[in-house]
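First chain A sits with chain B, and in the next complex the same chain sits with chain C.
Presenting the complex of A and B:
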């Protein structure tokens, strides 16, 4: 009886501690959800007909979901009977790699994770780097169905493809020659071309290159740097990596769209194609001026990312400096700064932004400033709380005993050691900034109405809600996906950096 | 019986005099006390001056001074200091003439002499167990006389109120918090007015149109006081906010405060209803997730919560209208105060973000306390699961949750502008948005500042509630 109980406990523990098993369960749940969504969308409820294209997509998704469930059950059996996953089960991961044609990120990454037993963070980063590149190429290739493409389309696509090949080679080499604590010294010749491919905005490439260089430099040294440690924890977190993937994907797409997308399709009126339903030439349909909604959303990503990052970076810097000064000097300085910031804190962010925009007019720069001002106090409070903690540590006393100036103590010793909560907080609030941007644009108080921004697109879409609801649905989904990604990434970073947040 | 009755006024008086002396030691309250009870304090000060002359301290000081002078201490000190100064100037190669040197030495000698005198007198008094008379002592001896207390009650009423407030830590905390709030609200009014005043737009030209003559514009500016200086306008606006009279709006010829008073309750009702519903949903979800961490329930709930945080209010509103009003025709698409069905969608849309963040906060703060030692103790005592959860876990986890609710309430009140626009609700948010195109300075200012006042008051109430909910905060407050 006791033996049975013990073995039951043990299996439970084995199942829980197996990284592959939890990822497999997560993947089949998500994949099944996507499949069901596709199934629901493949029926036209009013007409009682089936949309053939969506139904085909559903069938393919269902196939890979079934494979995923089988693999999950096999992993469960292996773990129960032998305590580890068999080689034959791992080989099934190659089947899931094929699901890349469906664009199902979750099954693909699961496949990559399953086929390799020992996974250094570089391997996972390399996988995501390659996937980002392929997704960008696939999305850009949709332009082929358009009546015309931009002049730089062909060379840009060729460049993207060459980069993808370099990255594929890099992935294979990394999988072979990089171990948890060791990287082959010759990989240094790989790191530089990889970093070069980051010009398309593929941040994964940059991170991979830096990580490789760092690993080669400290080869054989088992010490863990903070940077390396964070990446080990982050790459093990599937949701955080999916969030990071989507953010990097949008960023990369925004950069590549300068060359692969034609801006005129997004902004020029085309009265021969007004309010077209989704088709291959217009994947999300067209709006009341005949502008391609898909291109508009792609160009809108750029605005959302710029406004989101800028209106987070400005208050992080200003609030961070004010909070650091206030926490370090204390007493009257602290009192004056924090009481003044209390005034800002008492006004809700959106109302303050509305007041500022009412005074100075609606445009992108004013929008960024208006959103930044309201966010200063929160960052100042976070920074101050951390500085209060860090300035009691011994190394600060040591620096003071060496005769460092207050300025250098604050910015060389205290601030770098109190950045972790700021990073986590800012990641979580970029999402809120994206929502505020589109909300204000929807009210007519944000980005100028002629610029394709997600809020502006939605504003037009909301007037066609009854007849052409897709005009309002797709930009909304884009906003949710981006905000959700930032939230996932922020949660993952919080777990990886583990700051004591209030 | 007689003894206790006599003891009661005595205790009151001794508590008054001890609080008086405590306040005199507090750097910021001291001036307030002296100012509020100026007539009484003046009398006390005169008594103090008179009594000090025949004080033990004065006598002892005089005695010691003459002793020190007799011992030739002053001369010895002077030669010593002279020597030191000469050596110092020699070292720094400074040229100082005789008169200047003598002046310097005299100054230092006097200071040093006083210092030593004070120190020795203090030591002497301590030896004889005597005390130097202070202003608080004089007050204490005076107030023991009931006649003085009764006479001083009228001129010193404000001072006695301050003493009463200071003697009770809760009252003191509440008072300080309210004073802070008044300053913050004043700051908000100044800030918002300054922002709107700096605006490059010209409301007169916007309202009267391009054809307006300069005379018409000047008349408009005169009517709304826009021709006055910055400070005058600022003062008028702040006065208007305090007296609930902001004048007429630039366009539409309506009383601003009365239209705000008409619109504000609508927003507040919607916000409060969705707040209550959100808390009723979020707390159980958060607790259930925390009791089964990493289970299927937990993952699903937390994913839904994160989704709720990521949905823009206006998009959610549009999708609701599309599905429930246009396709299914269950609920009306626009808000109407008489029809409660039309409240459902706005309330849900407003409450989604709050529900999500409260559920997340409840989960994380319950998870934090659930592994504490006292939880194991409670389980070891054999308490039921329910009791442990409700009395030991949730009560300890509730403080950060209340903080989040307070913060989110402000966000909800401010963010309601978007939801109100979607559902066509004539609340305060859509009022501000409508007015901003002109820009109608007093109307925007009134809307923003009254919202900020509401939020500040709610936060004050929450801060005060902490003290009643949490014994830890109460005891900390008493020490301070």
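Presenting the complex of A and C:
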């Protein structure tokens, strides 16, 4: 009956409102793009031959892309004919799970999403947690092709694998026993080991553990907390989640690389392996000193992330406090603080950074300070604007009427409610900080030249752009991917945190 | 999910299986070397390495080699030469990456100012070294080779005052579609002679400029004696003619110089030059070159030589040490002097030697340059004496700082008192502001060479052919106009060359050789140069200053083979700064065992 009543308009709406359908479309487009890139790379245009390995990868990608397109069409048909996705279509998701072998994140996550009809945020987080762990293991395992591995490689890999098994169990249990508003109380025994596995830097594990604990505490209570609400919205946004995935993956890899990668391969010159093209032993090739580019990029992520986070956290805190104070007290306080910050704001950020580094010398700490100082005024302005708005609300008046001190009003009532824009802004500017770090290193003003940092690596690559282009392409891609990830994540967070979009 | 767990199982199985065969770092290193049996002190020795960002690759190789040999290297990287020099003068280093180019092509210059006590660039003092340098200077090349070998033995092997790295190649690339391949020379020491360069299509000589490039746009000074650096060496070489030239492989020749011939008098302290009569000074009027009508003659030579050797002839005299061996310079008017003096090492008279190959023999010697006339046999002859027998003085006379300037013009411009010279008020001859476009422009240059600088901006400098330079001979400049683009960055310069914006790129970096070779319209020329890179040890307030053992430990850590591999064999092994000029046969072989030995000796002595 209902089927007949569905007008064309409604069918369209049905397609639009289905998360699975939009994700399916997104996935096949991305997957097809990757396939085409692989196809183009599998031909050696100068020699007119086919590279067998890349071509095989292309074939596998093409297979999963075709399956993806078929699934998309099936979902479309299901939604049109029945208004929901059939069970038989959902089962096809298991096929897409297999694409984990190819490392195609998009088809895998789509598969996980498709096989489950009701998806509490914990399920999605658990999926990403497991994927992160598996990706880290896979990337670390590439070291097996090297002439030798670091001394801690085997125990570290074993630990990572055990963690992955725990996380797999967790994923299965979460899929079974966690519903949108309910989590089985015994899951509390799962939450703690999961939180423990976060020592590798797998933030997803930490979030999952906390979410589970929170859910168990308020079992049966349908009210949403802000935290829970944010994760519901964020996990539904695939671009934001893939951004978060890459950031967490890099973070996790940076931590694990302490044990699974050998630093000397990235630092020591090896004159017998100068400018080697990519191979299994050197997945991204070697640079002009015979150092493994792959290891260098992995170790470089550490510096990029540390500098990126630190040089964002410092101005957020300093700028936030200054902005809150000047916004709350207003008048002279406001004038003095903001005018002083305006002076700072008038100096171009990168120029200020160059001046600071030229004066105090090039090292990581100075780099962080140099990038931090220039960003303080913008954060102060953002915070001040929020505080001005929030301090007019009734609950602030109420707190004042109760006789709360100014200090407690600012930090208990106003700041927590003005944080959302700051978080969004900082996520978006971490990307800029990563780029600034790399730019300064590129100019020779960052860390010492032999220390692997993406800008340093890119600098060497730029001199070999024509003869050995991979030296510039891989670090360039790494920078692009990290910055893009932060931007996607920032966008997702803005959507999730903005109360107006409710 | 079952599938993914299966997958995981397979993955773990693979890793477990692989684990059985995995070589860890310790395994790998144990296979390589025996564990040391002594419980010696293995703590790393700190060492500070100073260098410029432009030498980043060398610094990295040295850092790597020292680290692998048990040093803890701290880098002190400076962005430019100014800050590098400041750090060096302040003594903030243990070893500094240095380089030296013997622009004169003679071995004495390669060691005298660097290593002799009190030399211009010397920071060391060693009696034995001083003695050997002085001894070699007076010897014939064959005898000197042995002395230089002993000098290297003392300087490098025994005392390790320097640690040699490599000899560089000199390279240039040019557009062979535009330039005539045979006209572009690359010489070991000498700068490119512009007058020889010709277009492939000779009809373009008058209509098209020859476009060169240079990285430095700030010209130190266009007065030849006031500069000796990369900013003006090429320019001044082509703006001023000299008494003598160097061939491509650093032999002395009169070819293309102010003299037809030269001769060394018996005793090796008298030098004779017979002058040409076909070079006039060029001057700039309305930004175009014109013949000033004034001939380049003996009075100008005497004036130029005397001011070159006199420290107080101009403020900021930067080249007088090159000419400190010159004693007197005079014009010979008495024919009997030439007839009665014998040429060194032969029974022939100087007169015969000077006349060799000339169409008209010497009939008279004239004092007034305007009376000189080659076709009538009226010549001017210069006699130059040295303070001691020193045949290598000829190499110094071929250096750009011995360029001939106009006595009349320079005296009329440099009217200031040298002692009270005021930079803000007095404008010396050759000041770059006088040729820079703008309100200070007032080009007073008189050029005796093939080209004259008309004007410059930050972007380029324009030169015109000297209309009165050896007219009708093979040395007459071919191309009317030369432009020199100032491009700071190597990559941009190469792009400019490839796009046809410039015609010739002098000093292509080794890493770009492949790119140049891969471009069908470009031609790459390389030649072994006199430039040597080496590590200089600090001689004050540091452990390296007092401990021979520490210096020698650094010396034997240097592996020149690895450096050569890095540069794709586009560098040559060196043992000291004389290596490119005198083949002494010494070679530095890296020896980790010796490093260990010297390091423990150093630690024991502390």
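In the analysis below, the second predicted complex is superposed on the first by the 492 of 502 C-alpha atoms of A that agree within 3 Å, B and C clash if a C-alpha of one lies under 4 Å from a C-alpha of the other, contacts with A are read in each partner's own complex, and residues count from 1 in each chain.
Going forward, a residue touches a chain if its C-beta (ideal position, glycine included) is under 8 Å from a C-beta of that chain, and two chains touch if they have at least 3 such contacts.
Worth saying up front: this structure is predicted, and the values here are computed from it rather than measured.
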Touched partner set for A:154, first chain B, second chain C, both or neither: second
Touching partner for A:343 - first (chain B), second (chain C), both, neither: first
Chain B versus chain C as contact partner of A:271, first or second or both or neither: second
Touched partner set for A:488, first chain B, second chain C, both or neither: first
Touching partner for A:289 - first (chain B), second (chain C), both, neither: second
Contacts of A:463 with chain B and chain C, given as first, second, both or neither: second
Contacts of A:476 with chain B and chain C, given as first, second, both or neither: first
Intersection of the chain A residues that touch chain B with those that touch chain C: 462, 466
Contact footprint of chain A on chain B as seen in their complex: 180, 183-185, 187-188, 191-192, 195-196, 198-201, 306-307, 309-315, 318-319, 321-322, 326, 400, 410-411, 413-415, 417-418, 421-422, 429, 432-433, 435-437, 439, 444, 447-448, 451-452, 455-456
Touching residues on chain A, where the partner in the complex is chain C: 94, 97-98, 100-101, 134, 137-138, 141, 144, 147-151, 153-154, 157, 161, 164-165, 168, 171-172, 175, 262, 264, 268-269, 271-272, 274, 288-289, 362, 444, 448-450, 462-464, 466-467
Chain A to chain B touching residues, read off their complex: 339-340, 342-344, 346-352, 354-361, 431, 435, 438-439, 442-443, 445, 458, 461-462, 465-466, 469, 472-473, 476, 479-480, 483-484, 487-488, 491, 502
Chain A partner contacts - residues on chain C that touch it in the complex: 1, 3-5, 7-8, 11-12, 15, 18-19, 22-28, 53, 56-57, 59-61, 63-64, 67-68, 75, 77, 79, 491, 511, 514-515, 562, 565-566
